[in-house]
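Below are two complexes that have chain A in common, paired first with chain B and then with chain C.
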Partner chain A sequence: MAEFTLKIRRYDPQSGEAPYWDEHTIELEPHRSVLEGLLQAKAKTDGSIGVRCSCRAAICGSCGVRINGQPGLACHTHLDAAAARSEDGVITVEPMGNMPVIRDLIVDMDAVHWKKIQRVTPWLINKTPIPEREYIVPRESMVDVTQTAACIQCGACVSDCLTMEVDPLFVGPAALAKAYRFVGDPRDAEHESRLKDLSEDPHGIYDCTHCFKCIEACPKGVAPMNQIMRLRRIAGSDHHIVDRNNGHRHEAAFGTLVKDHGLLWEAELLPRSYGGDSWFGKFAPAAGLELVASLPAITKALLRGKVTPMGALKPHKIPKEDLAAVQRIYDVIESRDERIELNLYITGTDAENAENPVETVAAAAPSAGDEEGLTR
Partner chain B sequence: MKVAYWPGCVSRGFTPELHGSMAKVAPMLDIELVQLDRANCCGAGVIAEHSQELADTLNARTFALAQQVPGADLMMNICSTCQGAQGECQERLDANEEYRAHVNETLKATQGLEYEAGIINKNFLWVLVEDIGLDKLSSLVKRPLTNLKVGPFYGCYIVRPTSRLGINSENPRDTYLPKVIEALGGTVIDYAGSHKCCGFPIITMNKKASLDQAGRHLGDAKDADADCLVTPCPLCHLNLDLQQPLAERQIGRKLDMPVLHLPQLVGLALGLTPKEIGLQRHVVKPTSVIDWTEAVIAGVAD
Partner chain C sequence: MPAYDVLIIGAGLAGQRAALAAAQKGASVAIMSKVHPVRSHSVAAAGGINAAVNPADDWRSHAYDTVKGSDFLGDQDAIEIMCREAPLEVMHLEHIGVTFHRNEKGEIDLRAFGGASMKRTAYVADITGQALLHVLYEQMMKFHEVIDRYEEWFVTSLVIDDNGHCVGVVSRDIRDGKLQTFSAKSVILASGGAGQCFKPTTNALICTGDGIAQAYKAGAPLMDMEMIQYHPTTLAENGFLITEGARGEGAHLLNSKGERFMEKYAPNKMELASRDVVSRAEQTEILEGRGVGPEGSGIWLDITVVPKRRTLEALREIVNIGKDFAGVDITREPIMIQPGMHYIMGGVKTDVNGATPIPGLYAAGEVACVSVHGGNRLGANSLLDTLIFGRRSGEHAAERAVGMPMPTASLDAQRRDEEQTAEILSRPKTGRRVSEIKEELGTTMNRYVAVFREEAGLQTAHEIVRRLKEEAKTAYVDDKGTVFNQDVLGAIELDYMLTCAEAIVVAAIERKESRGAQFRTDYPERNDAEWLKHIDVSRNGAETPHLSYSPVTITQWQPEERKY
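What follows is the complex of A and B.
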């Protein structure tokens, strides 16, 4: 048995009182969970502590909280690990962020999380005609969606989403991962309209700021941000959806500029993101409007010599033969019939597989005899 | 030490003062920079968004070129985004031999290059703490940043995901900035935004949200009484410094918060003048830093 101190954030919005911190000392084996600690405090010292839980085994997703400022499941966090990560040995437990507090550690999932899940049409829309018997789908494509299907709806990713912090309308990591669940499912009939909807929404897939918070938060390895990037990839590359948020244009212009120069040319990237992926992009009305809106920053940058007119007009380049090599890489990869992706969530790493051989689905078409290579 | 040095694109484009100050600071720290002039853009996560294989192959090319630098201890970058984007590609390349062989096939066919698994690629921040050492760093300080209140700003790509970036109890890389600030004699300002997103990746997609992010963190730092911020990421610098006039307009608040690149902060403490490290090139004049530095120069001269 060991002693731990839990510092719990208490708040009852109906009381009219401000939130406050409340410390409880509990006694448990170090490998027991923070949730068990909370329940002991509730049972022994203060029955009014508000905490939501059910399975206590990281399956139901009910006990999402912030522990030492990091979102996660209270039942999935060991007391000793939490104490080691705390600033002064005191484990702080707070309600999740980006959602209104109902009481103490309980947040209103309906008001934010579930509304956003509903937003992405979270069910399969059958292709017609519906087959008389079962659907036959490639095994790989169903393995592919298992990563998003692993979501337990705990809201940890929503809690710390940094876009949502400034833009509460952002569809958000959990719901967009759910959207991939169906966009990645070959049985679904509405891939394109789902993607069009989420691309054109100013708070959709192109509103993700790529901060990795959701990847870090998720206790189940769903990596919502990676799923959002896959939605963008499929929307732009497979369905050629050019959205009004400049998302696809930005991505296309970035790729083109690196292909043309080997390095990024920022001065050209911005106008092209607004006006279109060509040299003429900067003359499009949208690019002009953006230029005018950015004048306060541009003028100062020019005045300070941060950006010189020549520096902005001329790209920096890599040597000719190296640029040619970069362009050959583009040509080889862009000419493939199939996109090659490696998802380590599904394949595992060589080291893991050598230790614990499992059936893997490799990204590149595997051939017989490759097993040997995996165990090197 | 000798490093294969990848400066990135933005440090030679819109933030030339970053690359310039790194070149000045390196010899003072005994770092020999062998610049990877032939290497290509890391893709900043945007190329990977379009094609993962393309991003992996382009970065494998950079790694292969770095591995050709004779006698280099490691590859070093000065951009959080390069660190994160290259690290993501390296994770896949190193994890799966079959995939690596596939990528190498393209590299060999296009330029005869080959990437061998296991390159060490570190941001200057990590090199400072892990390879040079904080004790050595503070012993080199000529002009301690006494009373300069500095807020750290990491950039997402260098703090998350922790497992990929090798952040653990042995290498708590997400706690290095305050340690460096202290080693240079400065005062660390603790504020809400240090590990958050500057908003830059969505500046063309949702400008309002992007500037709200920048403005919020700058405002939080100001409320916490910071004199300036320091960042190892030039893209964060673009949103926090270059776009600060627009962020001010967006959030309706005067900010006047100078943002220094990490090599600039180190250079100041090591005795370089504000002009040598390009502080005059910032959109937000680092007046607080410059005034303070000159005052201390006078003090030291006595």
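What follows is the complex of A and C.
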């Protein structure tokens, strides 16, 4: 048993008071969860602490909160780990971000999260004819979409989505992962229209800024950002969808510039995104208009020293062998017949996938009097 | 006042399936749940769903396995319906988007499960319940214009009219604390089990027997309440579920001597005997001093014999549970488990259409007792039960609505519930805390009404439950507000749990034999001559439960000795 201090963000909409911090001391074994800590405080001292919870085992998705500023499930965060992460050993528990607070740790998921889920037409639109028995589909495809179907809708990724912070209309990580669940499903008939819809939406797949926050936040390994990137690749490379937000061209320009120069040539990026993915792109009328429109941003960047006039005119230089190495990466990847997508849900790491070494199994097999090593 | 042809309480698999079926039939439908539908406890079902989809299989084989699993207490007409309709239901689920695991040919793959005579369990990794529940919720979003959803609404009473018909419910909007009466031609209870009467349990905190208690209070009989399933593999650390799928994939159970002790108890099926048999075997090993762990109260589950890649792909969730909640890498070392309360076979008595003896009141899923599980439910039959009887009750209730005038629920029940809430809020601080009473109830039930039972212990449990019922009347709550007042809901749930617990205990005292999950050390044999019958528990207007019997329906399979 150990003592922990929970500092809980409280808010009672009926009181007319501002949110405040409320400290509770709880006593539990260190590997117990923050949720168990909250429930102990609720049971023993203050039954009015509001927190949604149900399964306690990270499957129902109710207890999404922020612990020491990190989004996650309260039932899935150990007390000792949470205390170690905080500077003063006090575990702070706050409601998730990007969603309005109803009370204490309870946020309004309907107002944000579920609206966005509904936005992506979240049901299978069957390929016809529907077979009498099951659809015959590749084994891998079902395992693959199961990774995204494993999303428990806890909202942790939505809580800390940086894009959503500046663009509340962004469809967001959870909903886009849900969209992949259908785009990756060979039984769905509307892959292309789903992708077109989410490409053309200015708050759709090209709105993501690639910050990795959602991957870090997800307690179930859904890796929403990876799914968003897969949607982009499938939209652009497989369905050749060129969206009016210039998202696809922007991404293509990014790839070409890094391939050609080893590093990003920032000044070329915008014109190419708007005018087309070549050096001549900047002379296209669309690029001209965009350059004029972007002048304030460009001026700011110049004033802050983010770009120098010389840097803008010339690409960055890297050593020849480094450039060759970068280009080799492109060659290897582009010469593949099929895109290989990482699916951590099934593949794990290479080391994990090695066959069970026989000696390890034998060593781990229990024998009389050998329990201590395995019990905590 | 909102009014619907069909009003469904509970939005797990049974409730959502009922809603979709009723809407398909053209009824006006609403579904109401005290939690958001995807938080329902169906989400925790892991291993899979049974159906004879393999052309080499036969639904009669599935039905026989189920009858045998039930220790011949299951009603065979209902079991036949469930097993016969199972393959079609699984195909329907596949068509609406469930990502069932495939074999190399791209067909639905099947895994082995306890008590089954062949591989019959379709699955999605070990998150089958979640996969199914989320797909049904996708359908709820698809049909949002025809199915009204009341999410985070807590039902406080069923409304029964002067003719004894169920005509609606009273419900509290958790967000603002207001009570609202709903009228309905039919109400379907689909609000799950009562696992929280026990501690520990694999069940979620929301499984407080609400529907069972509401129906009982309204006069509906409960059946098979003594039949409480202890799952053979729950984490010794905290009671979390380790799916039977682990043993289905080949994992072994070992005692402190490293023996696969199941060969003594079930030489043919070994670890895949039915759950009551395996749990009893484990408990016997523990009681006879061959348990593992510091207190000798555990058993090893050795999953390292399953190929690692298969474990990572098909048992992913328990890899996480082992790592996150017990600090054990199950691909490298055994994990300590013990039998733990998991499921209640009993519930509100219904016919094969989900109808209870109260006109207008239906029940489906764990809240109900059809009875397809009898004395012991087979693994992966519960998901099937929720879907088959959820659908059947939805369809039946919708058909019943045709040509029937919409009743108007009286507001008396709402007034009573308003008074009850006010009374709870006004209780002085001298009462015990709700959490304390709940804790004592859980540990009492787990001590006396567990794998092995006997008269004296059961009588003790009954006395304690009766005392707790008294104490609950003055239980104090801290929260006096209206917005998300979980404290008041906790006090009401406590009352529901105590009602269920008493029904469980009196039925367990009554059944003086050992059958399925009920093992009486003072009556260790099955006694078909006297006890091949269901025990019904009803309120009958009295404070103490009234007991009666109903016959077991036998169609093709006569009771025989049960060996695995």
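We adopt the following convention: the second predicted complex is superposed on the first by the 295 of 376 C-alpha atoms of A that agree within 3 Å, B and C clash if a C-alpha of one lies under 4 Å from a C-alpha of the other, contacts with A are read in each partner's own complex, and residues count from 1 in each chain.
Operating definition for what follows: a contact is a pair of C-beta atoms (placed from the backbone, for glycine too) under 8 Å apart; a residue touches a chain by one contact, two chains touch by 3 or more.
Since the structure is predicted, the reported quantities are computational estimates derived from the model, not experimental observations.
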*asked:* Let me test your reading of the model: by the given contact rule, A:R232 touches which partner, first (chain B), second (chain C), both or neither?
replied: first
*Now for A:A111: first (chain B), second (chain C), both, or neither, which partner does it touch?*
neither
*chain B versus chain C as contact partner of A:N245, first or second or both or neither*: first
_I'd like to know which partner A:R133 touches here: chain B for first, chain C for second, both or neither._
second
*asked:* Let me test your reading of the model: by the given contact rule, A:A2 touches which partner, first (chain B), second (chain C), both or neither?
replied: neither
*Return first, second, both or neither, reflecting whether A:V332 touches chain B, chain C, both chains, or no partner chain.*
first
*Does chain B (first) or chain C (second) touch A:E216, or do both, or does neither?*
first
_Set intersection of chain A contacts, chain C complex versus chain B complex_ = 364, 366, 374, 376
*If you look only at chain C, which of its residues touch chain A in the complex?*
35-36, 38-41, 43-44, 53, 91, 94-97, 99-109, 124-125, 127, 130-131, 134-135, 138-139, 141-142, 144, 151, 175, 204-206, 237-238, 240-241, 254, 256-258, 292-294, 298, 300, 302, 304-305, 307-309, 312-313, 316-317, 320-321, 324-328, 331-334, 336, 433-436, 439, 477-479, 481-487, 490
*Name, in rising order, each residue of chain A that touches chain B in their complex.*
84, 162-163, 165-167, 170, 202-203, 206-213, 215-216, 229, 232-233, 236-237, 245-247, 250-252, 254-255, 258, 262-267, 270, 273-274, 293-294, 296-297, 300-301, 304-307, 311, 316, 318-319, 321-322, 325-326, 328-330, 332-334, 336, 339-342, 344, 347, 349-351, 362-364, 366, 370, 373-374, 376
*Mind listing the chain B positions that touch chain A in their complex?*
9-10, 12-17, 37-41, 43-54, 56-58, 61, 84, 91-92, 95-99, 101-102, 106-107, 109-111, 113, 156-157, 159-162, 169, 196-197, 199, 201-202, 204-206, 208-210, 212-213, 216, 242-246, 249, 280-283
*Note which residues of chain A are touching chain C in the complex, please.*
12-14, 31, 42-44, 46-48, 50, 52-62, 76, 78, 102-104, 106, 109-110, 117-118, 122-124, 126, 130, 132-139, 142-143, 145-146, 149-153, 185, 187, 345-346, 348, 352-356, 360-361, 364-369, 371-372, 374-376
